[in-house]
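Okay, so chain A shows up in both of these, paired with chain B first and chain C after.
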Partner chain A sequence: MSDSAATLTQDRQKLEMAALSAPAVIFTVAMIAFPVVYTIWLGFQTFSSTGKQSFAGLANYSKLISDYEFWHGLWITIALFVLSLVLQLVFGVWLALVLFHAKRLPGIVRSLFISPFMMPPVVAGMMWLVILDPSLGAANYVLQSFGLPSSDWLASPSLVIPTVALIDSWQWTPYVALIVLGGLQSLPPSVYEAAQIDGASPFKTFQRITLPLLLPTIVTAAILRSVDLLRFFDIIYITTQGGPGNASNTLNIYGFRVGFEFFNIGYASALMLTLTAIVFGAVLAFNRLRGAVAW
Partner chain B sequence: MKARMLATHLSLPVLAIAAVGAPSHAADYDWMKFKGKTVTFLANNNPVAQALLTYKVDFEKLTGMTLKVDGYQEQQMRQRLVTVMNANSDEVDVFMTLPSREGEQFAAAGWYADLTTMAKNDVAKDYDPAGLSQALLKAATFNGKLTSMPMNLEGPIFYYRTDIFKNCGLEAPKTIKDVEAAAEKIKTCDSAVTPFVSRGLKPAVAYTFSNMLHNVGGTYIANGKSNLCSAKGKEALETYSRLLRDFGPPGVVNYSFQQISALYRSGRAAMAFESSNELRTVMDGGARLKDTGLLPFPAGEAGQVPTTIGWGMAVSSHSKQPDAAWYFVQWATSPEVQKKMALQGIAPPRPSVAKDPEYRKWIDEEPVRKEWQAALDVLATKGSSEVGYPIVANPESREFIGQAVQDLILKQKPIDQACADADKALDALIAQK
Partner chain C sequence: MNDAANTDRWIRWLNTVQLVLAGIIIMAPTVWMVLSSFKPSFEVTAYPPTLVFTPTLENYAELTKTTPFLSYALNSLIVTVGSTSLGLLFGIPAAFAVSWTRITWPAILTLAARMAPGTLFLLPWYVMFRQIGMIGSYTALILSHAVITLPIVIWVLLPSFDAIPRSVFEAAQVDGCSVTRILWRIAMPLVASGVAVSAILAFVFSWNYFLFALVLSNGDTKTLIAAAFNFIGEGSTQWGALMAAATLIALPPLVLAALVQRWLVSGLTLGAVKG
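After this line comes the complex of A and B, so read on.
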């Protein structure tokens, strides 16, 4: 076969492959691009209470700057993000270490440890709403049984964010633990053997070897949880709907209510795009961090 | 403000809307006209829809149509509706609506099909459109267009424990001051129970608070401006929040109907101000059947102006088969079906059903049902459908009412600041077109 004939065959194969994969590619791009482009377009529109629509330019974005609820929602979102992420990373690493070293732990116990994150968040929210009910819930009953004062939990403006962070951490710490456990299992045994020969204490081994080697895995877990935590919605919606007052009104909850309860889809789109930008920013920052700690 | 005062309609339908007069060709009504079609019903998964859908098969047998039910909780149902309607989609043919909440808004957005002609010209002989509560029909009429047909009659009523009242030497309260006095006494007399409970969850507050505001003689709007900082407005805000703060359960700011019903049913509340629709839930298990008294909310300086609303069935303006959809609406709001629903504890929006011997027999079976019906009669004759501000942005207005009440319950603001902040936000909403 001549060179020109071979090139022709290769070109034809490429063309055929492109033609065969085109529908899937077009479908995927359209499914991703359409909602994003549509939301961007909506962000430039204004909707009256009766649904009448008109072009608003950047008005929705300039409104963000002077909107107290936006800044408050941003603060709540960041507070919840930081608190939950720290709790989940600390306890996730701890749980992973427990599962890693407790080799004889029966499978059923391991499954129980990691079961919360398999529960739908709505079910988890409903369950904790009942448990934490200040009048009828089990949480206060237990506290009072030990002579401790009862708490308002989700009904207290000052406690609602820590409480929601605890609920989310209860659910998602096992997920972090699973990721970290995978990382632990892939660490090279030779490093530990060397440390043992050098007489390093278990704490020193953890501090100087395990933790630095695990950092890329931990950052990966942090990235995965960050995306969810910045979009925090379901548990808050089920338990407090952003209350009491606006004490748990995250950006996501605020945007949802503006869009679907007050029908201001344009402003809600602007809010959600801003939140998306924040999520992207956080992911990019964590990715850089992952690059820095890679080994 | 009694702008939407519900007139004496159960016995005297004097406000009869001409549009729903006598049917013109009802005798030869063909229920099988749309046989084979599928009607999609967007339902709120509340007791009203649950009772109605018990008879879904009857509708399908009668008409040969298929009824596809798309059921959600109330807020999720509205979200689905907003998405469908904004997309001009014909996915939904019939949906449930609260005219008192979203009526102005949905009507202005053009989401309701005009039922005026269908209710006049396309009804079965026994439908009796004039027999429906004329006041509720009026409340569902916007700019001369009938937008929905009433499914039920409801409003917040006062549940109280007769045994606790007796033990504490109390009489059934006649005024709001009596309620406060009773709560005070119960707090010391029976410390194991919560003296009073009502809605504290921000978006849910307006439903019960409006009754308080109207009873003390307050109005939401005066001279085109929000009126919460008027003397009556402040009195209502202070009284409502004080009752919940000083005598309500811990965490009342997260309380809506589910929590209130659960608390009262479990015997841990002496007084509850909650929807008449919750009777079935509250009586579930029978523990409260013999020790509960029911009243309209006790009077204030302006007497008793109970909140009275009703769910309605609307046909989507985007439906491609409004005539088939109307068949479902007509069947669901017919005297026969509403009587069946009434026997399940759904207060009928038809005086004829309320007087039906079978229904009366059901009512007479338990004293608490008699009191429930008596309270509903007051709601029907004296009620106002004004829940929140009578403006297009009514749902948003409820947020600010709830915020003011929560600010006071949680002692986050003094009354002057709470009402002023609410008035400022509400004035902006009122000014919106």
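After this line comes the complex of A and C, so read on.
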């Protein structure tokens, strides 16, 4: 084959490849890239009560800085994020170790373990709403029969965020566990054997060998969970809609309500762009951390 | 030696206890939901809660009688099947091209939807769809849910395409096969199981998705998930029907997920973890 013929085939191949990606790329540009640019523009607009739109410069962003609800929402978002992430990572690693030592895991057990995070979060919310009912719920009954105090759970302003964190952790801890289990199974068995020969205790082996080797996997799980936790929506919207009062009004819930209940599209856009920047910032930070603990 | 064997048995026993404990915590709420859905109405709210009761279907009958449950279910099915098909239609060729050329930015671009909060897209969509009168249309719902399904299809399929030896393609190319022909005739049969897993995962996540339908649907096109509010009555009077609704909504994703549980976790991490 001559050189020019070869380039011709290569050019044709490039063209065919571009044609194969084109539908996905065009769709993504139309449904994501263009709308995001539009949101940036909307963030500089104000909408009057009659729906009339006018240019407002940075007014939405200066409003954001002096808006108590924004700072409250940011605090709630971060509190829920930290609490849930810690719960899910700690119990996820524990559960992964238990599963790892169980040797053989029948398919039915695996299916049961994935059932919480495969069910719609909305269903999880409906279910826990009934279980955690302050007066008739099964949770308080179980606590009382063990002699423990009952509580108001989702109806209590001070407990609503820990309660939502518990519900989300019930859903997603098995997911973290299965990711970490994958990491455990890919560790070379020789490192354990060496530790055993050196007479290290199981706890020492975990602390000095397993945990450092697992860190990249754990950070990966943390990234995947952070992305969902920082934009927390479904469970809160179905159970409390940000309440009681504004006690569970995360940034995502607040932005949604500003946009679709008060129809202040401009301000909601500014809020959502800020939240998006926070999510991307967290992902970048975790990615650097993953680089630091890689081996 | 005997001591060591004893310790070993102890550790194994302790591990089993922890496994059972975790299993109970994971399963109990779901079991409670399903049990409650079969309880007679006076027993759903009984306190102390009862475990033994005569099962009844009255809650399910009540649900279909007092709410348009079946038409919501049909809406969910239309939106989910539509968006999954669209995700496969766009995602399969894109995943193949990304795997072949190693030009990854189209795949990374679709990941934006996995990271940004849904409201970020929903605000401009709402303004745009309203201007062209598409709020409440199946088209708007299917397009918005395809934003969820597309990255799932692409990222689940990428490793499958990557696993095909290059020599297979090169041989076909020498024979004069076009790229498109190689994809459909040679690659597709080899990644069929990957396509099935990606289709099921896309279906589950589209079915479960709440936010978009909350704003973009209307009374006629409301999906089951977006209609969840209709089932949450005031107070505790409707618990039986509420749990019946919750059970029915959760059933399709749970059954489908059980089918692909072996490949599910590596698929869900969108390329971040090799399973």
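Convention: the second predicted complex is superposed on the first by the 258 of 295 C-alpha atoms of A that agree within 3 Å, B and C clash if a C-alpha of one lies under 4 Å from a C-alpha of the other, contacts with A are read in each partner's own complex, and residues count from 1 in each chain.
Note that in this section contacts are C-beta pairs under 8 Å (C-beta built on N, C-alpha and C of every residue); 3 or more make two chains touch, one makes a residue touch a chain.
Predicted, not measured: the structure shown is a model, and the values here were computed from it.
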| So, on chain A, is it clash or fit between chain B and chain C? | clash
| With the two structures laid over each other on chain A, which partner does A:Gly245 touch: chain B (first), chain C (second), both, or neither? | first
| Between chain B (first) and chain C (second), which does A:Ala24 come into contact with in this model arrangement: first, second, both, or neither? | second
| task | Once the structures are superposed on A, label A:Leu154 by its partner contacts, choosing first (chain B), second (chain C), both or neither. | result | first
| said: Output check: A:Phe260 vs chain B and chain C. Expected answer is one of first, second, both, neither. What do you get? | reply: both
| chain B or chain C, by number of chain A residues touched | C
| said: Quick check for you: in the superposed arrangement, does A:Ala96 touch first (chain B), second (chain C), both or neither? | reply: neither
| message | Touch test for A:Leu214: chain B only (first), chain C only (second), both, or neither? | response | neither
| message | Looking at A:Val176, would you say it contacts chain B, chain C, both, or neither? Reply first, second, both or neither. | response | neither
| So, A:Ala268: does it touch chain B (first), chain C (second), both, or neither? | second
| query | Touching A:Asp133, do we find chain B (first), chain C (second), both, or neither? | reply | both
| field | Clash-bearing segment of chain C relative to chain B, given 41-49, 77-85, 113-121 or 131-139 | value | 131-139
| request: Would you please give the residues of chain A that touch chain B in one complex and also touch chain C in the other complex? | output: 133, 135-136, 260, 265
| query | What part of chain A is in contact with chain C in the complex they form? | reply | 13-14, 16-21, 23-25, 27-29, 31-33, 35-36, 38-39, 42, 94-95, 98-99, 101-102, 107, 109-116, 118-123, 125-131, 133, 135-136, 138, 141, 145, 170, 174-175, 178-179, 182-183, 186, 202, 217, 220, 223-224, 227, 230-231, 233-234, 237-238, 252, 255-256, 259-260, 265, 268-269, 272-273, 275-276, 279-280, 283
| remark: Within the complex, chain A is touched by chain C residues 11-12, 15-16, 18-19, 22-23, 25-27, 29-30, 32-33, 36, 45, 47-49, 86, 89-91, 93-94, 96-98, 100-101, 103, 106, 109-110, 112-128, 143-144, 146-147, 150, 154, 178-180, 183, 204, 207-208, 210-211, 214-215, 225, 228-229, 231-232, 236, 239, 242-243, 245-246, 249-250, 253-254, 257-258, 261-262, 264-266, 268-270, 272-275
| task | Going by the contact rule at the top, pick out the chain A residues touching chain B in the complex. | result | 48-52, 133-136, 150, 152-157, 239-246, 260-263, 265
| query | Residues of chain B touching chain A in their complex? | reply | 75, 78-79, 82-83, 85-86, 105, 108-111, 194, 201-203, 249-254, 259, 262-263, 266, 268, 392-393, 395-396, 403, 406-407, 410, 412, 432-433
